[in-house]
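Paired with chain B in one complex and with chain C in the other, chain A is shared by the two complexes that follow.
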Partner chain A sequence: MSLIALKGVTKIFNRGRPDEFAALSDVSLEIEPRGLVVFKGPSGSGKTTLLAIVGCMAKPTAGRVFVHDREVTSMPDRFLTDIRRHTFGFIFQQLHLVRGISALENVILPAYPSGEGLASLRDRGVRLLDLMGLAHRAETNIEWLSGGEAQRVAIARALVNEPAIVIADEPTAHLDTKLSLDFMAAMERLKAEGKTILFASHDPLVCESAMVDRVLEMRDGRIVAERRAP
Partner chain B sequence: MILSPAVIALMLGSAAVGLLALYASAWGVRILRHWDLQNGSESQLQLEKRTYLVSTLMAWAFAFQAGSLFLFIFTAEDLHRLFVGAMCAAGTLNVNGFGYPTVLLKVGNALLAGIWLIVNYTDNRASDYPLIRKKYAFLLVITPLLVAEAALQGAYFAGLKANVITSCCGSLFGAEAQGPVSSLVGLPAGPMRAALIASLAITFASGLLFYSGRVRAGAVFSASSLAAFFISVAALVSFISPYIYELPTHHCPFCILQREYSYIGYFFYVSLLGGAIPGAAVGVILPFRDTESLKGVLPTVLRRLAFASLVFYALFSLLAVYCVFTSGLVLEAD
Partner chain C sequence: MNWIDKQRNIVDFALSSLLRRWKKNLALLCVYTFVVFIVASVVFFAEALKREAGLVLEGAPDVVVQRLVAGRHDLISRGHMEKLGSITGVSDVKGRLWAYYFEPSVGANYTLVVTEEAAGRPGTVAIGAGVSRTLQAGEGDLIAFRGHDGAYVSLEVARVFPSSSELVSADLVEISEADFRALFGLPDDIYTDLTLRVRNPKETVVVADKIRRLLPDTRPILREEILRTYEALFDWRGGIVLAIFAGAALAFIIFAWDKATSLTLEERREIGILKAVGWETSEVLLMKSWEGIVISLTAFLLGLILAYVHVFFTSGTLFEPVLKGWAVLYPRFQPVPFIDPYQVATLFFLTVVPYTVATIIPSWGAATIDPDTIMRQ
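So, the complex of A and B:
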């Protein structure tokens, strides 16, 4: 059984205008649970658009997307919000952490709309920061953290709603080798816990990593090659 | 034509609602012909995005539509001072032949618009658009009525001439009155009272049964709540209004909207529409209770509709009882 299925997904930006651009062209794909899948390709190949569509943050121009066998492309936004919140955790290339509040508050921020009690949220936030080796920085404002620490706060934030799928767009683009390896180690732990992890990356350190189960090579909005771990 | 701000607002509002309904109907036809959730084609996805916009626009248009009935009556009431012979909205509406057809069509459209809003609300509770075809088919039925209303209302306002001598409500709703609306005056008080009590009793009994979980009572409740609306309007003209005016020969359904009578007419009409719309909507959406994606939400929606309808009819009943028992008028039948 596939966790995510895409059927004939096409995404065209600026339809009918002179600058019309097809970011994805008729992509069909199935992703099994509990694995680490990397979408590899040059800039403009459609990796980020594909992740945005899989993560229910954008709708395709044509085609259908199924998550947990539930068709999501036809769903109105008020239903997608719930799916986004509880199924996916996002780690962005620009981390998008909120300055002026603490690391812990950043981590629990996506869980506020759930209505869960603050004490229970804070407990979970501290536990996640502890998992990332950052418990001692929980009350530190985000602007005082180093790049690596901020990256780990972003990972903790992605996990606060206990998602089944973690999506990361070019997660190592701004990291040096050591921080990249630390990040991959954190992802390996998540994978071991049974999470499904989807990356968009063209970093060899990610694509060539032994922990990657599947690399899907993209070019011009299509999947042109696939490599599975032996 | 008399260009008061309210007249301009009503004409622009009705024109906008009519145009929006035509626009939505054009999409409705496409949806009825081409909607297929199994299909991932670009045109299907376009329909899915567009229906969200269209139903949002129509929800606002219909909310205005329901409110415009009262603005129209208020305007007719307000303009009566300009016409020789008019004592209230009854005279203003009689200035030309389009007044009463407009108000009747507005009442019908307010009922239909309210029911459509509830169907739309219910459809939006599920993720797979279970009522979308029904919703747009219903819209296609309402659209010509909305356009007709805009045209009738436009003709009515355009034909308002200050030099016309009109009739007062005393002659329009007096003992000698003729015509379909005025004929309500001649309905005998005794049988009307019995019909009103019976229709409200059936509505309350079936509504309470339905609210407590007897699904089978839903159809009876829906039909009786709609019947109670028409019977109550007839009863208001036939025997309740004389108690309010304390004058056995005065049956005007519009004088009760005036300050002299504490604007009690607005409370009567709001409570009647508030009772009829959710009550009738119960019957419209009840057949879809077994739809898979609505199973989780429909029981709550239906119970809330029944509750709202019962509360409004209770308000109407209390008002009517209060008016009858505090009146200085004693009719022979009493």
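So, the complex of A and C:
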């Protein structure tokens, strides 16, 4: 049974306009649970678009998308948001943390609309920050954290709704080698917990890591090669 | 509980958003409060004046009949009184004596009135607090009036009216009939005007018509007409104050519109993040509307409280001269605290609702963007 399945997915931007272009062309693939999959490719190869479609953030122009064997392609936005909230945790390339509020508030931000009491949310947030070695920085404003600390806050935020799948877009693009290795170590722990992790990256440190189970190479909106861990 | 907790969490985040942009929001709150304060003050004050005038006129006669000569008010004779008494439905016809008296030494006009209370104490007067202040005269002091023949008549101040009735009594001098007639040289069968009561209030207009036909040289003035005139006058004066502050109000509208309808880059980014981490469009809008409600409701309540204190505790110091009149004898009027729920509701719908809606519209534009755009930034 696949966790995620894409069948003939195409994504065209600016359709019908002179600057129309196809970010994805007829992509089909299946992703099994509990593994680390990396989408590798140069800039403009369609990695981010693919992750956005898999993560229910965008809809394909053509083709079908299944999550947990449930077709999500034509679902209304409200249902897609619900799936996104409960199934996926996102770590963005630019982190996208909200300035002016504390690390803890940033971590629990995705769970505010869930209706869970604030006290219990905060407890959960502190536990996650503790896992990332940041419990002592919980009340610190996000602007005062170092790059590595902010990265770990972003990871904790991705985990606050206990998602089955973690999606990270170019997670090591702005990190030095040490911070990149720290990040990979954190991902290894998540993988060990049974989570599915999807990366878009062209960083050799990520693509050639021993913990990666599968590398899908992309170019011009298509998957052109695949390598599985032995 | 789940729903309540969700609202509480969203309100919590909305408040933290407001605090993060406290400079912008504080400036907005101050200007907003000022405009609500001005509008509410004018509404409260004009209403208090109208109520006061209404209360005063409650005891006024149903109809006042004045004689006109060449289109101007003239004195009226007892003969008219007898003819009025013969009209069906009319009761209690009385002659009234009143006059204006100009005192050159202080440049003020007094209103001299003969009342039944003053009839029993010739040689004395009761004066309003305004007259007392201007002349620096208290009980027991003598006030000199220049008569029609140039001779001065001194009358003793028997009483100063309490300041609670100042709006209507500030420039008043209550005098006995004998002193009044002597001062102005009026014969016994002449009055300033006549008052009458109508047994059935619904017939007042019919009676007025009969008076016009029976006594063509007179004009009947109905109490309802005076009330309407007062209301129109105070509404008009309130309008003047509002017109004066229209510039401020316009500046506020432009300022508030700009601040409320345009999102900063930071705000757009935040909305994008919320969408990307799993907030629904409706939840983002709920959060933004809470921000709008908190600002506008706070400004509304603050403005209302300040206006209440301004009008009912400091007597509307800011617009006293315009709203109350422009005579030398300014009455010190302390309006009775009163709030009309209908007016408060009108103010609420004119201030809170448009602002909140104006806040939501641009957020709606930002919140409906695809969350994946945040991934590309």
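Convention: the second predicted complex is superposed on the first by the 230 of 230 C-alpha atoms of A that agree within 3 Å, B and C clash if a C-alpha of one lies under 4 Å from a C-alpha of the other, contacts with A are read in each partner's own complex, and residues count from 1 in each chain.
In this text, contacts are C-beta pairs under 8 Å (C-beta built on N, C-alpha and C of every residue); 3 or more make two chains touch, one makes a residue touch a chain.
These numbers come from a predicted model, not from an experiment.
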Three-chain arrangement built on chain A, chain B and chain C clash or fit
fit
Name the contact category of A:Leu179: first (chain B only), second (chain C only), both, or neither.
neither
After lining up the shared chain so the two structures overlap, which partner does A:Phe79 touch, if you call chain B first and chain C second: first, second, both or neither?
first
I'd like to know which partner A:Glu105 touches here: chain B for first, chain C for second, both or neither.
second
Between chain B and chain C, more residues of chain A are touched by C
Is A:Leu51 touching anything from chain B or chain C once the two structures are fitted on A? First, second, both or neither.
second
With both complexes overlaid on chain A, does A:Asp169 touch chain B (first), chain C (second), both or neither?
second
Using the superposition on chain A described above, determine whether A:Gln94 touches chain B (first), chain C (second), both, or neither.
second
Going by the contact rule set out at the top, does A:Glu116 touch chain B (first), chain C (second), both, or neither?
second
Examine A:Arg157 and indicate which partner it touches, taking first as chain B and second as chain C; both and neither are also allowed.
second
Min C-alpha distance chain B to chain C after superposition on A, in Å, is 13
Using the superposition described at the top, list the residues of chain A that contact chain B and also contact chain C.
77-78
Which part of chain A faces chain B closely enough to touch in the complex?
7-8, 10, 59-64, 71, 73-79
Okay, in this complex, where on chain A does chain C touch?
48-49, 51-52, 57-58, 77-78, 81, 84-85, 90, 92-94, 96-101, 105, 109-110, 112-118, 121, 157, 161, 169
Residue numbers on chain C that touch chain A, as the complex places them
2-3, 5-6, 8-10, 12-13, 16, 20, 266, 269-270, 272-274, 276-283, 370-372, 374-377
Contacts from chain B onto chain A in the complex sit at residues 37, 40-42, 45, 48-49, 52, 124, 127-129
